[in-house]
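Letters A, B, C and D name the chains as they come in the text, with residue numbers starting at 1 for each one.
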């Protein structure tokens, strides 16, 4: 069987399949369905310096081949995570990565600083692209200058592997990727959700309390693949690809387009076992294609 | 029955439903399926100053709830249109609007100038957002300055109703809309296709010859609705909404979000009669809601 | 309680009037059904509906241990539920279950009132059967728009006394459940309710006014069903909590309803 | 020729081996089928496949005027065609048809060779029946990977002589159609061909080398089917033209193939 190991900076994953922040809780929610230790990594829920109640209900709308969400970074804050959640998950035999959001540079930096001592958290994913809160970071993620400033502030206090999650709601995602690479990001992950909206025609109202929300699911895959391809030709740091991956074939498409690892997000809602099926499916694909290692197909698109 | 008439600048439509450029040919291709005179308007194929062969095959890929296309503005040029196509379609009893693309400001202006004498072409749709050709206009549509410059150049030589079709592949579509409004655009239409990509995993190749293409269909509706909503709060000129409209309910959602008219695009491929079904469905909706005129619901979203 | 994802085989599809179907299903591999508590629900995968992307949360209507069957009572509201309604005997139904928390069972000698509205009566059948098993004599009060919307009345009668109200008076007393004469005549120690929110609010108000313990089962648009996506929140004394994980059953004292 | 969009009712679904189905369908409202030319195709709407968005272009395999039935021979390649293969008698099949241009029929006394490969033999059955009706004696040369892929051989024999080649020799002569001994022994005045592109190129090369008139029926990924979207282009002496509208049948002299 092919070698599935990949490295994201100094972080070596047993396979390229991780679960995406906000779609897999803290992992334990899925422990009844799969062996969590099979995963390449688990990226836990968006965490902020202070606790957040998130947005009022309704927070979700189903769309063609996808869904909109407007959760708004509900979480109990980094200190609660460190004291109460970390002890519960630290012994899961895979990499636990924390997704970090903030309303200011100091928020980001201080949250990252408080996570850095945690031995079993080898990396954080910097969310500069949450579309669902005014101060949710998307503002940071839509200009090179602000994106660079967040990475610079966090890099100064955080020594672990720093993955920066990019927003697709931009004119040129490649230039944002170059900007965060220049400030010392170890990797970029993309795409976060596309900003969308749903309307209830009969009631003449928005479906979501916040009117707009983040679009995810199979429908966004073509946009995500394109952006991974663009960023692959713009930066040297590893790319973690996500956006509408529903099965192993989708995951392979991202690897071929240049992603070194992938995140499974919305698909977890439809099949709580999809992540391990994707791992097995990638292995089967590599064997079928006569590849000895997943490395052989990363960025291997023939054009 | 409710009054369906709407005005786009000085152009008055018998109803708010038009067919989108590149999805309805020159109208005649659909004459066997519907009574073309029932349409609010027909926006014909992208036309350029000189003939274009377009991109090599393959030009199309099916995606979840949508499709990618990379036609690349294949057309016989504006002079051929004026001499050979216009005479064939000028007597269709609805507004014929020509979608205009170009590689330079002069291209746009000269093409518009040659269309302006045509009595039965009361408006043009300026395509500054085609993602499928290097000089296809998307470059023009992704910065305020260049978008404004195209509109200024065309406005100087074109006296008819000028609709500017905006690209969704931008960080802030509202600022682009404001820029073209400032240069005298009579209306904006949005969204053009989202730039996407499809990969053939087994063959390890892109599906499209051009690698990337324009994403359309039901999958893009949430993004399109959001952008219409944003632009509605940014400009005073009318908005023509499009992007994933598959039925009358979808069309009503765009009207509620602020569109004064809509374009039916990719849906024509699946149901060649969908455009008239949308007209009938909007009328039925208005009656059901007790509205005397479609005007009552335009921008009528209750938030 | 361990959650499962498993393929069930539809054993029967019973059309109830024109807007509801009762799906009966058993594990395809013949294994015994897992333990399930009244009030818990399942996430049903919808196959073959191009406009449906997510699973549909459906409460557990009844568990027939003898037949190893679980029942789902489904109201046809959108494309997803309409697609589920097309399932026929022998078709596969993939479910994730059991999810959420059930109703808390009474202790000692309590008089129990189960109030359901519309399709919200679904979880009360399973609850009633459980209470009946424990030798309680539950009193069911079923509200509906009209006679055609009163569901499974016969099944309820097997487990206790049934009273009915309809808005148009076509069955039982005319009016809303909270207007039923029963509430004047009899006293109850505990109320379980599920149905449209306005109905549950009225029931909760009655319960609080009369110092009666009351649990409500909430419905909400859900994605994951396991507390991961945080989409289906209800605002409570503990802040926003997931209806799918902390609920769907809540004691009214936990909620922030104006009652 | 006027195009229609109409609901057909499936009258029969015949499984041909494991990778093909033959769908027979008639207008649901009983109206007579429209005029259709051999080589034309239909766009079939695919219902109930979440991963399928567009219609599927399927060539007209045969028209049974007596039964008012049109036949579609479908190879199961993806989710769309697999979904079509699940249609059963009585199911609705929505089609847009007839689309494109047919083969040009011979004039006078011509010896006709119809060469098909795999599922590409489909339009040749209808063409053969038409030629047979006009009292020609068409010669069919059917190529396939192996015996299991030789489709409708019996039906072809009703309209003319049938020769077969298979790559593995499990039926007829071993090899490719262009290697069949028939081509050494007999002379033809006109060739019609449909199948995998490499096969059609070889046939076209043979035709040109021997000065034989030849038409090929191209297959291409299509969206609209009526020449509106410009997705299914073939590069020709007239530049890019839509296979759906200017084709699918082309005279080889129109094409830019290296033959």
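Side notes on the structure shown:
Just so we're on the same page, a residue touches a chain if its C-beta (ideal position, glycine included) is under 8 Å from a C-beta of that chain, and two chains touch if they have at least 3 such contacts.
Small disclaimer: the values here were computed from a predicted structure and weren't measured.
Each step here moves to a touching chain, and the least such steps from chain B to chain C number 2.
The mean-CA centres of chain A and chain D are about 47 angstrom from one another, to the nearest whole unit.
Averaging Cα coordinates per chain places chain A and chain B 34 Å apart. Each chain gets a centre from the mean of its Cα atoms; for chain B and chain D, those two points are 36 Å apart.
Taken residue by residue, chain A touches two or more other chains at 61, 63-66, 217-218, whereas all remaining positions touch fewer. Annotation for chain D: residues touching 2 or more other chains are 50, 52-53. Taken as a contact graph, with one node per protein chain and an edge wherever two chains touch, the assembly forms a single closed ring in which every chain touches exactly two others.
Counting only pairs that meet the touch rule, the chains in contact are A-B, A-C, B-D, C-D. Contact residues on chain C toward chain D in their complex (touch as defined above): 48-50, 52-53.
Partner chain C is touched in their complex by these residues of chain A: 22-25, 29-30, 32-33, 45, 53-54, 56-67, 69, 71, 74, 217-218, 266, 268-273.
In the complex of the two chains, the chain D residues touching chain B come out as 2-5, 45, 50-55, 96, 220-235, 239-240, 245. The touching residues of chain B, when paired with chain A in their complex, are 61, 63-66, 68, 142-143, 169-172, 194-199, 201-206, 211-212, 215, 217-223, 225-226, 229, 244, 249, 252-253, 256-257, 285, 289, 297, 300-303.
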